[in-house]
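First chain A sits with chain B, and in the next complex the same chain sits with chain C.
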Partner chain A sequence: MRRALLGRINFPGLAVIAAAIMLWEIYTRTAGSHFDSLASSGAIFAAIKTLFLDGPLADQLWHTTSIALVGWVIASALGFCIGLAIGLSRTAWTYSMASLDVLRSIPSISFVPVAVMWFGFSVTTELLIVVYVSLWPPLLATLHSVNSAPAGLLDTARVFHLSKLSTLVNIVLPAALPSILVSLRLSLALSIALAVVAEMIGNPEGLGFGMVFAQQAMQPARAFAYLVVIGTLGWGVNAIFLLASRWLTRGYESAP
Partner chain B sequence: MNPAQAATDVRSSGPPKGDAKVDLAFRCRGLSIDVGDEQRRIIAGLDLEVPRRQFLCVLGESGVGKTTLLRVFGGLTPAAAGSQLELNGQPITGLPVGAVFVFQNYAASLLPWRTVRRNVELGLEATVAAAERRTRALGALDLVGLAERANDHPWQLSGGMQQRVQIARALAVEPNLLLMDEPFGALDAMTRETLQVELRRIQREAGATVIFITHDVDEAVFLADRLIVLKGEPATIGLDVVSDLPVERDQVRTKELPAYLKLRHMIYDVVRRSGNP
Partner chain C sequence: MTIVAGSRKSRAWPIRTGGRAPLRGLLPLALGLVLWQVFAPTDSPYFPPPSEWVGALERLAASRRLWPAISVTLTSFFTALALNIVIGSALGILLGRSRLLDRLLGPTLEFCRTIPAGALVPVAVLIMGYTASMSLVVVVLTSFWPILLNARAGARSVSRDRLDTARALQLSWWATQRKILLPSVVPSIRLGTQIAAPITLIIVLLVEILTQVSGVGRQIALAQSVFRSSTVYGLVALTGLLGLAVNWVIGWMGLLTRKYDPSFSAGVTSSLSMKKS
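And then the complex of A and B:
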């Protein structure tokens, strides 16, 4: 088991990252040392440690992570249900597709000031932004994939007299699963990104706020520290989701 | 035989009509089929009676309407008004219970996320309890020789095996009528020959009635108890002949019999004849 795990670690990739960190350290201490706005690798790690142990980083990390995840779960459920309803009903499709096309073309970030106007600088604003933006990938993916179940499988359902519900549960949804999982992975990344953005502009809490605060206090090491933490959060959550999604599609020929 | 006479030569060798004692699995009367936006008539006034346990092969050139005809038999495509279809003595409206279709594209009709056994159980899920479902599925897999692969996924099997899984799935529901649309068309020659022998064995053991579509004359002559050739636009039965080949057939010896060659020749005469009847 240990050998299998060891075999899965990407040693070349890790080596490149370690080398980059060291090169950055060398650069900031030599040629880049006159820049006030840069911080060396060592300084960044020290800042992370200080912020975590003595500072607000732990709380902020918890805040951003929980808002992003809660928002993502709500958005996924909502997006899936709406997508399913529109995908399965010809009437719903006819009446809603034009509006959907318009809405999703509006860049999501431009809704942030609007949300701040409505709900002020609060957690509600942040959650609303996360949900609104993360809604779209699962909604569109569900809508389209539910409508494009492979014809051969639908014929098979008819041949064996499967009820409409049975066809949906046994054929349409499993066929749609890979596509929906990809959209969920995308919306997860969006959730974290938009939570951070909302914190920068709309809600003075969490990692986004921490980063802006460090920037305004002219502390580059701390600002970079937040950047590293945000990046690690995104990577970690994505990795966990990938594992879960591979397990869910373990029967399929190719994982998403 | 002059061409005009031969083309309309329906030497019906099925049971005499009106004989109530003969057990018919399937019958159609005056069957017509229109397709496309312009509702072009591709099949006109077809009469057919298929006795139980008969292995019937339907031949014809590409595009004559064999697949559409089979889809109509299976209820996947509607027939034109005035057509009468009966399965087991009951008129067919919509999708008949008791007829199962086997598709040429096995990969597109097996569920890749289910194991082989659960794929075979698909048709039983609405009506049969779990334990009995499992027994019947394993029984059907045994019949096609795939019992040990029950827990694999379809994509782990070769093409020939996947097609056998589809056949097992059809047999698991114990159908009155098995409708097979060029099921071996996507397979290589050796697999095809093996499966042809297997299919005859399976059909005899299961006592199934089969309507088998193919454009391959040799395949049809090897498999069939009775052969029909569709011909013309709109298509009608150009030839209907009962095979006089022995019940036990072999890919090498049977194909050397004079009866085999004669039957083959007869069919090619009808199929190759150009022009409409």
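And then the complex of A and C:
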């Protein structure tokens, strides 16, 4: 197990990242040293350390992560239920799908100012933005995958005279699981991205606010530090979810 | 939990929803807007009725701020999308054809891909200032990924038969790229572009809202900051129209590349196309 894990680590790829960090350090100390707006790798890591130990970074990280996760859970549950309701009922589909298509074509980011207008600079604004945007992927994935359950499996269910509820629980939902998991991963990334944006515009807290603050104070090392932290947060959450969804779909032919 | 199945086609359950959603589905939206129009007072600070939105947009157009904003937003969108297609396809094909490069750059790209556009804006502003090129860089860096991933997948799965054919016909390297590789990855690039186009529009608006440099996003943010709610709603509806228009244009551009589809026509793709694709 341990050997398999070691073998799967992409050492050359990690070496490229290390080389990029080194090159950035060299560039910012030589050719790029006259740019005030750049910060060397060392300065960025030092800024992360100071911000974490003596600054607000830990609290901000907690704020952004918790809002993003809470919003993601609410959005996933809502999206799944709405998607299921529309996917299972022809009446519901006929009388709502076109409306959903129109709403969906409005770029979600335009709603950020609307949310700020409704709830001012508050956590409610941030949560509303996160939920609205991360709602769409699970909604659409549930809807589409419920509607395209493999015909062979449905025939089997019919042969066994399974009830509708039983067909749904034992056939349709398991078949839909992989694509729903992919959509949940997408909406997880969206929820972090939108939490950060909401903090920049709508709620002066968290990583997004810290980053804008560093930018307006002309502290490039701190701004870059926030960028690294936000990137790592997104990457880490994505990796954890990927591991979890591989484990959930371990019996499937095509895991996400 | 009650499950309502279509009464006539109860055998087909869950329902199959191929094709377009019927226009009857617009009813809830239309009903909502009508109720909004009827019940909202004209001077409502939070929920002005739709007729006020139109009026607000007309005032914005009269003060010569609407059309320039739209044209700026659309220009940045199409410039960014063109760059996305070029950069995304080139990088994607490169990574798809070279296992070594893919392995070397994989983790770096994986990390860069997860950086949200919003987080890139402050750093880009520090380096490049509030400029049009800053916004273009941010938009391209965060929205070309779907094209890259799809082009990479397409380039990886170019059929071995086709490449062997090229070798048998002793095509030059350049001819192989042009006649075998490119046609094989065009459908994937098109799919990637269809995914990337709405994202590109969203990020263009995002940068405009965050930096308030120019464009429709700036107008929305300005209207919100002085609490002109009807202008905000009007502009949000307008971005919806832009979104629809963009999807329509991308769909139409997709039709132009249909001759590369394996299922479209065997005769069009020249004598090189294999029977078994």
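By our rule, the second predicted complex is superposed on the first by the 253 of 256 C-alpha atoms of A that agree within 3 Å, B and C clash if a C-alpha of one lies under 4 Å from a C-alpha of the other, contacts with A are read in each partner's own complex, and residues count from 1 in each chain.
As a convention for this text, contacts are C-beta pairs under 8 Å (C-beta built on N, C-alpha and C of every residue); 3 or more make two chains touch, one makes a residue touch a chain.
Keep in mind the model is a prediction, meaning the values are calculated, not measured.
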Both complexes share chain A, so when I overlay them there, do chain B and chain C fit or clash?
fit
Which superposed partner A:90 touches (first chain B, second chain C, both, neither):
second
Name the contact category of A:174: first (chain B only), second (chain C only), both, or neither.
first
So, does A:251 touch the first partner chain B, the second partner chain C, both, or neither?
first
So which one touches more of the residues on chain A, chain B or chain C?
C
So, A:166: does it touch chain B (first), chain C (second), both, or neither?
first
By the touch definition at the top of the document, which applies to A:150: first (chain B), second (chain C), both, or neither?
first
In the superposed arrangement, does A:14 touch chain B (first), chain C (second), both or neither?
second
Once both structures are overlaid, the C-alpha centre of chain A sees chain B and chain C separated by an angle, to the nearest 10 degrees, of 80
Applying the document's definition of touch, where does A:61 land relative to chain B and chain C: first, second, both, or neither?
neither
Report the closest approach of chain B and chain C over their C-alpha atoms in the superposed model, as a whole number of Å.
9
Where on chain A do chain B and chain C both make contact?
none
Give the list of chain A residues in touch with chain C in this complex.
10, 12-14, 16-17, 20, 35, 37-38, 87-103, 105-114, 116-118, 146-149, 154, 164-165, 167-168, 172, 189, 192-194, 196-197, 200-201, 207-208, 211-212, 214-215, 218, 220, 223-224, 226-227, 230-232, 234-235, 238
Residue set of chain B touching chain A in the complex reads 74-76, 95, 97, 100-101, 103, 105, 107-109, 111-115, 122-123, 125-126, 153, 155, 173
Given the complex with chain A, which residues does chain C contribute to the contact?
1, 3-6, 9, 13-17, 21-29, 46, 103-108, 110-112, 114-123, 125-127, 198, 201-203, 205-206, 209-210, 217, 220-221, 223-224, 227, 229, 232-233, 235-237, 239-240, 242-244, 247
Can you list the chain A residues touching chain B in their complex?
150-153, 155-156, 158-163, 166, 170-171, 174, 177, 249, 251-253
